[in-house]
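Down below is the structure, laid out as structure tokens.
We just call them A, B, C and D in the order they show up, numbering each chain from 1.
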Amino acid sequence: MGFTRRDLLKFTGGSAAGLALSPVPWGLLHDTSLLSENWPGIPHPPRGEIRKRYTTCTLCPAGCGVRARCVGDQPVSLAGVAGHPSGALCTAGLAGHHLAFCRDRATESLAAGKPAAMERALSGISAAIAACGSRESVAILDSRPGRAASEVYRRFLAGLPNGIHCTSLDMQDASFGIDLENTRAIVSFGAPVLDGWLSPGRVLANRSHFQLIQVEAAYSRTASLSDLRVPVLSGTESAFAEAVVRALDGDTSDSQAAEVAGMLRSNKPAIAVGVAPAAGRLNSALGAFGRPGGLLPRRGFQAATDIANVPDHSIRVLLIEEGSTSLPWDLLDRKLAPQNHTVVALTPWLDGCARHADYVIAAPVYLESLDEAPTPAGSPVAAFSLSPALLATPPKLTPPAEFIMRLARDSATYPDILKQRVAAIRKDGRGTVFTYADAKSTPIRDIASAEDLWKTMLAGALWLDEPLPDRPVHAMASAKEAEAPTPTPEFPLLLIAADSPPLHASPLMSKLYSESGLRRPANAAIVNPKTGHDHGLSDGCRALVQSATAEFKVQAIFDPAVMPGVIELAMAGPPNAAGTIRRI
Amino acid sequence: MLSHIIFLGLFYAVLTVVSATLALSFFRAARDMRIRRVEAIAWQATFPDLPARERVCRHQFTGELPNRICDKAFDCRQCPTHAALIATRQPPEAGSSESAGLDFPLDRFYHRGHAWARPEADGTVTIGLDPLGARLVTNPDAVVLPATGGHIRVNGTAWHVHTRGADVRILSPADGKVVATGSAQKGWYLKVRPDGGRFDSRHLLSGAEIGPWITREMERLYAALAPADEAPTMADGGVPVEDIAAAYPDADWDAVCSEIFLQA
Amino acid sequence: MAAPITKPARYGMAIDLDRCTGCGACMIACAVENNVPPARPEATPRTGITWMRVYQISNGAPFPDSRAAFIPVLCQQCGNETPCAAVCPQEAVEVDPATGIVDQMPQRCLGCRYCMAACPYHARYFNWWDPQWPTGMEKTLNPDVAPRMRGVVEKCNFCHGRLHAARARAAAEGRSELRPGEYVPACVEACPAGAIVFGDLDDPASEVARLARDGHSFRILERLGTEPKIYYRTARPWVRQAAAEPARRQESAHA
Amino acid sequence: MPEIDRQLIARGVKRASPRQFLLWIVPWCALLAFGLYGAGLCLVKGLNQTNMDNRFAFGLWIFLDLTIIALGAGAFFTGFLLYILKKRELKAVINSAVVIGFICYSGAVAALLVDVGQPLRFWFTFWHPNVHSMLTEVTFCIACYLTVLLIEYVPIVLKNRKLRQIPSFLVFEFELHKLMPVLAGVGTFLSFFHQGSLGGLYGVLRGRPFAFREGFAIWPSTFFLFILSAAAAGPAFILLTTWLVSKISGKALVRTEVLPLLGRISGVLLVPYILLKAIDTLIWINNTAPARGFPAHQFYSSKPFGAWILFAEIAVFGLLPALILLRRRLRESTGWLVSAAGLVCLGVALNRFVFTIQTLALPTLPFDPFLSYLPSWQETATFLAVVAYGVLVYSFSFRYLTLFPQEKDLPC
């Protein structure tokens, strides 16, 4: 009696039925659901003790106070500090703790693109400085004059026969405090008043008090929210400012100027901000200097040479600090000595100017090292706070100031410098200290010692100077105005900048730039539909933008709000030039 | 809550009905297998699938009825129509019916599947293949007869013949117990002792019916033998040759046998 | 963990459109709080995950009179026959009677996306990709919120993690109800303009209830009758006109 | 091999030579393989392979599912007429109808499994059902009905010439067939509900005024409209396929009166459908939509979804075929009959398209644009896989099983 096919069938059928009735199927179902919940690649957030820690944001001049929610030592979210004068955080600040994980980071120092020991870099750069000729100069491009670090740079450069401490910032805003709380009208010459200007929190908190007149060609977010939009091409702001001044004296020939003047008369006091010459001219006409609701003098202002005023082809050794590395390279290249110049980038990032640097000195990013936040832009009084590190500083990274001190053979460390700064504040004994944790203000005299002040500051605190007694101040002699580009038959349009994605920001910025369409997508050229049709474009088509010096491949986007005859380019540093666009 | 009860209630009701249906048919099938109704059911299931031309009522041959399809699966024993018509008939007289050159003795009854049954004096019934059937399966590869003592029933399989790749099952004309087995040479294949002692022949053809029936069978045979397009031709001017298969080498023999022996 | 919070609430928001500058801080704060991954390079404005999403609208006037307004849209926490909850085939959407919060349970979700079709506010988002963070960035994830797997739907739940934390705190202090402001979602906390006010709509004393009653307030698509709990306010007639009710459109289709 | 093939083919019917059959099968197999590759990509890499998005949560696949399920309704409705209302003439097509029904439903379920984001969780719906969701109703009914169709398919398979020689198979088939009316009844009940629920699926979307409809009890009007339209389209589709198969195989498969009968059934059901559809549309335009703040003209203001769609749905694909199918003389002529049936099927497809795609394309947020969507090649491939699967299953069934019992009695 062999094993027939029938037996086989019986056997399989039986076992199938048996299995179906056993717990096995349920087990399998359960496991599949578990698997679907812990798909490979779903990260498991770290657990640990939840702590609050405080620091100060150094991503922009606003110097906002930061409350960090940490798991163990790892910050998992950042928020503003209640009661801090600069209020809440901006988008970049909210995700500042992601910066450490961005691409393009410099993890160690490079010489000519190759990893190089710090010593080698030091000796190489010292040699370059030593070899500097009499007509040539050594320059440090300071991204933010007025810091203890800036003081370090000054001292170092002062020790050299031909050092220049320069910056690319327009010092107008940095030189005065702005009495935002009492002003009733702001004439902004292209300043992004509602889009990251000064301390966003502070500006927005006062938004309901002032009329906003935006003098700007681009349809920026500020312009789109302004009370009066005056489209004026860059380079002609001063002319318009003059017109407004005349209109204030009763000349009504220019209707736009007249309208502005009208608003200014009915909303006093008023100030002008933005492009320096124009704003300066208007401010003096408005008598905005040194009066409530205007521009206030404050201590601790420290000027630096505008890089634009440095003679061309004169810099032999250029040290570029983080933040300035995003400047258009051709602007800096012009200043460099024709032969054997040396460019040093003191930066955490390998892009921007670092690509042209002979030496890259890898620096830590925000939250990776102890840093400082000097007087916030527009703050009516001088101020100072520390930005304690919330993350361990990775090896092989050197803060720019630290590096310059090494270069200067200074035995002290950067923290020592900061400590001296704090000690100096305590010594002057002016002003109050606002502590983040409890949002209390204490007169500085009540703080026993410089050591205590240092500790308080490390725990998160802001020192605020006393206001200066009112006294007349004057507009500083400021930078020349940019050349107004002139359209030609070949290049009939004007290329101007639209807001563009930040070079280095949290990957979550994709929410703004690619996932929600809230911001102009990168490499977009926004034009008025009329302009578009005149140049044979259609909404959303690919196009080529050309200027005398450059070409960009872009996506054309129509927006009836954009000024006819201009192209708004959403990309890092487009030329302010005449150009044209055509479909490809 | 209530909606849950209603919804799930309906759902499970449906499931129950469906599974019950399945279970029931399984159960019934098992039972049928057990009580040996397989043969009957096989024929029951096969009959409706036969082409209409094979299912015509016997009374259509004799012209007693206009075209009528049998609805009793060729078991005239339960057919009221048949009972009514048969009443008027006289019993078959001896002799034979010469039709289409084939000799059909009238001392026996013929099944639509070309088996014949002849009641014997000793009360047994002899079963064999009629001349047409015989000519289709001359010199078969194999003949599989039921063992003596085996049981066969009307319209069930009587025996199997394998010839030229065709597996032919011959339908039984009688219910009964096999008492002896014969062979082609003997001219008969089975002797059976009918159930209940007496042999019921109401479902079988006899006498005057045979002539028209055979004529019709011949038509079907030639239709099956000859490809559809060309007209059916007779090998020897009317009388079928002894071995039809040999005469039509390119005929699909499986199809021919199925046609004549009523296989689905 | 269920803290013994006895007092039920009906949480809602009042968003001041005249204060919103479209900076997007709410979107970033939301993503940080709820472990929403950054977009894949292939992602588009229609495949990205933005529980809190700020739309830009225009008054339609041409240059130079055109002006913009920004409308933050999140799950509107519909309180009446919540469309998404009604259609989910497997109870992955749950309306908590104690808070009025419409909650999505990703680990229960099949990914049929019927709820997305049902939502009039397009406030539900599908995980088209496996969630992915740049190497090392998983360290910055919020431990109170589990990241979602590919193929499920997710949406704003008023920062449920924060509610639990607040309740736990209250329970630890033996309180049976939360103090006003003890529990606010991340977007509310983050808005630099203070445009978003959050609280219990059933508490007449709360600011959100007061704002919801004021004449400048409206709700989007109110006439659908789904009783959303997000109120919007504006003094600008054109903004209200463009945001409250569907108006005649003449835009062309674009993929 | 050809020997086995010959023994499998039912007696008394002519089938294409094995070689011809192979030539017919191969391209479809190729298509199936390609489609399975596309579907595989979607399963392995996730639904980012499709062009669906957060706004177009449903796409080609859901449209496909709704359409083929509507066309597959022929199985239940023919079964209902044959076994419950004893319309014997339909015996001629019931087997084919069952096979088509099985193909449509199994195809739809397969597509759905690719469509959901977490196929591993398909059983969740049965585990924690939300009985208030139309989708739950659909899931349950379709699952059950697919089982029923499978059971109805079994006897047809067991009747295969070779299998029937196994006595137990034959007996089981015989017993099962006797209980067919029960299954037909259950099938009718199930189909009735899920065809309706598929309509309800959209009718209940209170957030989508384009789709939302008032109704009776828990069922919106679309519930009943979908049942009617499916019942009308089912017979039409069977008519169409039968005609197509006999054209391709070059054989008469059913007696001449059968197709017109199917046509008449379709026509008779189409008339009330169109009537109700028109009334429903009027109510919707004048009350339902405006009451929810959406003037109906808006729904048709964005290209390409103009008011022409309404006209096409009701007049061209509804009234017209209905009139043709109700005129005996036109019914008798194959040309009219088949084109009318074609119109009916197209009409049902268009209706499902409008409810699936237009509903999602139209914005609800006042400040949101109209959107469009084109399926990706992976989606299209998956779609084609289902088609190829259907053709293959049907081809094999037609070759080896008896789908049209009358065929053997008809002249080749």
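Basically, a residue touches a chain if its C-beta (ideal position, glycine included) is under 8 Å from a C-beta of that chain, and two chains touch if they have at least 3 such contacts.
A quick note: this is a predicted structure, and the numbers were derived from the prediction, not measured.
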Compute the shortest path length in steps from subunit A to subunit B over the network of touching chains.
2
Between A-D and C-D, name the chain pair that shares the greater number of C-beta pairs in contact.
C-D
Separation of the C-alpha centres, subunit A versus subunit D, in whole Å, is 60
Chain centre separation in whole Å, for subunit C relative to subunit B (CA means)
79
Subunit C to subunit D: how many Å between their CA centres?
39
When the C-alpha atoms of subunit A and subunit C are each averaged to a single point, how far apart are the two points in Å?
29
Among all residues of subunit C, those touching at least two other chains are 44, 47-48, 55, 130, 149-151, 254
Multi-chain contact residues (two or more partners), subunit D
118, 121, 124, 129, 132, 136
Which pairs of chains touch each other in this structure?
A-C, A-D, B-D, C-D
Give every residue of subunit A touching subunit D within the complex, in rising order.
29, 32-33, 35-36
Of all residues in subunit C, those that touch subunit D in their complex:
40, 42, 44, 46-48, 55, 57, 71, 73, 81, 83, 86-91, 108-114, 116-122, 124-130, 149-153, 220-226, 242-255
Which residues, counting only subunit A, touch subunit C once they are in their complex?
33, 36-39, 41-48, 50, 71, 74-80, 87-91, 94-95, 97-98, 100-103, 194-196, 200-201, 204-205, 207-208, 219, 221, 224-225, 229-231, 506-512, 514-519, 528, 539-540, 560-564
In their complex, what parts of subunit D are in touch with subunit B?
11-12, 129, 131-132, 136-137, 140, 144, 147-148, 151, 159, 161, 164, 167-168, 170-176, 178-179, 182-183, 186, 189-190, 402, 405, 408-409, 412
Within their complex, subunit D touches subunit C through residues 46-48, 52-58, 115-118, 121-122, 124-125, 127-130, 132-136, 139, 201, 204-209, 291-295, 298, 301-304, 359-361, 363-374
